[in-house]
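Two complexes, one shared chain (subunit A), two partners (subunit B, subunit C).
And then the complex of A and B:
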């Protein structure tokens, strides 16, 4: 069965590219353009990984990560952000994200990191 | 053409009134038509842009990630069917820039390949050779963002461009494209650098990946703004080896250069400057005097501060306040005593 990824990003170009690349890699991809619709998607679907930006309309990336950690603690999260400040990255890891990718990003590298995070032990737990 | 009799019979005042009404009516109709035309035209443009953006995203994604994509044929087909007008080329360039901004690694090279494949390089060169400043600036920006080689004689011609935006984009391009001499263009600068341009150069240097230049090379430039900028950079980049040159600049004839020299040396915490500053204090203007006081507060001694007090004039109220603040900073316990001392030294009895 295909693994399902939720991509939360408000830049249409990035969304389309991620969707295209991840579909090519054999994943099921669902996209959300803001935190609010991401929460709705999380209530109605099961995901194997979440790929999210930090700067999102309505609900910020940090609020969204808190929500996911509280309600879906076993889904791995990868942050994809333009932020390069150490405190932002450290804060994201403190909140429990599994990986942090800075923009501009290499699509091939991203695909590898997605594969690694999906195969992580924590995610194995969520399957059980 | 015969004029209807009821118009001929009208009094002349009414006739003028009628003609003017007609003229204004025609003007109003023309204006409304023009607004409507512009609106409709803009809507068509926006619709075309939106449609083309979707097609471009789909095309670029296929080009980037679809191994079965017939690149040569598809690119020709796309040019033939979609990239017909200047607007189309502008939209394609903009979309490729968005990709370049967000993707790196192997994708960057592919994005450049698409740019060349679409024939947008010729479009860019065309823009560079146009008279309109916004086309030149846009082309320079695209070349900078996509890391493209463009004829250097063309870029050099913009180093002293009258338009600030064009000039800034040229600076950014030259810094970004340089491998070993990012500020080499300063040798060709003949018009003063504005503060905003200096900020742009400074920011450009922050993303420069090579070895930072030796800023002392431009300390004898004929333009004050270039010298001031390099004095600032010497301190920002901790080029301590240039302190001896900067010490000589404390006696420079140009006030702006002296001022920046003091600030830079203070930032580098060079105590060798203090005796020169103390000696020069009485001859300096209030702005430089204030910088000297701040410097004495940061890296000087209380005695050195007291030695300049007699040269603070009665009307230099701002300096007197600064002096007392700094004196308190150097000797936190003796505020009252400092004020009395100051009054004695400066002969300023309340």
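And then the complex of A and C:
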């Protein structure tokens, strides 16, 4: 069965790129453009990984991570950041995120980090 | 022989009309603008004039900022005269040349002498490339549909955000300006447009609220530059 990834990001070009690359890598992808709709998605679906920006409309990155850690503690989180957000990234790690990827992401790096965070390398091989 | 083309930026309509008349009567072709953005836009879209006359206090970019923008961003080394107020001192200023207001027949002589002293290239320079598809090609292994849709997304989504930026500036919602800049920064980055990315970054981190308005205007120009270039290139056909 395909692993399902929730992408939380408000820039449509970044969303499109992530979606394109992740679908090509064999994942199911669901997108949310803000924290509120992400929370709705989390209540209605099972996800194997969350990729999220930290500066989103309506709900701050910290609030969102707190919510995920409290309600869905087993889902790994990769933060989508920009190179100038060192403090924010550090803070996110102390809150329990698993990894971060800099936007715009390197396609190969994305694939590797997603695979590592999901821990699904063997499963993907058997699925294929 | 073609008339020499002069771009004139002057805020005051009466002053502008006086200088335009003086220069036009002497066979110059004058394109006059009340603000510097109009002049930059013209250069981006039409190429090289023979001379720029920029009022020192033009808006939103002043004369020196406009000259600097043309040179560093558009890579245009146009001969440039800065029109100074009569009481402005010129020492310690890095000017290629200057005029003193008010404009008069003496101004015409100064313009002619300035141009005669220059070796002006006739060939139009090519605009520097405002964007690259390398990242999108790498990401998608050259998938034309993906690249085409990404460019369409850039056009629509950044245009909407630029309107939101201007609205937020008008309403003095400066934190919102910073958030929007953060949000659209990757769009410029993905087209490998360094200038747009840096402008977004400056907006995001600027502590000077009053600086934001000029940065938004610069970003709008950069966006327009990219769109113009995309239209000229019709890049999808060439992948």
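Everything that follows uses one rule, which is that the second predicted complex is superposed on the first by the 115 of 128 C-alpha atoms of A that agree within 3 Å, B and C clash if a C-alpha of one lies under 4 Å from a C-alpha of the other, contacts with A are read in each partner's own complex, and residues count from 1 in each chain.
Convention: a contact is a pair of C-beta atoms (placed from the backbone, for glycine too) under 8 Å apart; a residue touches a chain by one contact, two chains touch by 3 or more.
Worth saying up front: this structure is predicted, and the values here are computed from it rather than measured.
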item	value
Clash or fit, subunit B versus subunit C on superposed subunit A	clash
Which superposed partner A:2 touches (first subunit B, second subunit C, both, neither)	neither
Which superposed partner A:10 touches (first subunit B, second subunit C, both, neither)	second
Subunit B versus subunit C as contact partner of A:21, first or second or both or neither	both
Subunit B versus subunit C as contact partner of A:109, first or second or both or neither	first
Touched partner set for A:55, first subunit B, second subunit C, both or neither	second
Colliding stretch - subunit B into subunit C, listed as 9-17, 27-35 or 99-107	99-107
Contact residues of subunit A, present in both the subunit B and the subunit C interface	11-14, 16-17, 20-21, 103-104, 107
Interfacial residue positions of subunit A with respect to subunit B in the complex	11-14, 16-17, 20-21, 24, 103-109
Residues on subunit B engaged by subunit A in the complex (per definition of touch)	57-58, 60-62, 64-66, 95, 98-108
Of all residues in subunit A, those that touch subunit C in their complex	10-14, 16-17, 20-21, 55, 82, 84, 103-104, 107
Interfacial residue positions of subunit C with respect to subunit A in the complex	135-136, 138-140, 143, 146, 149-150, 153-154, 157, 179, 182-187, 189-190, 201, 204-205
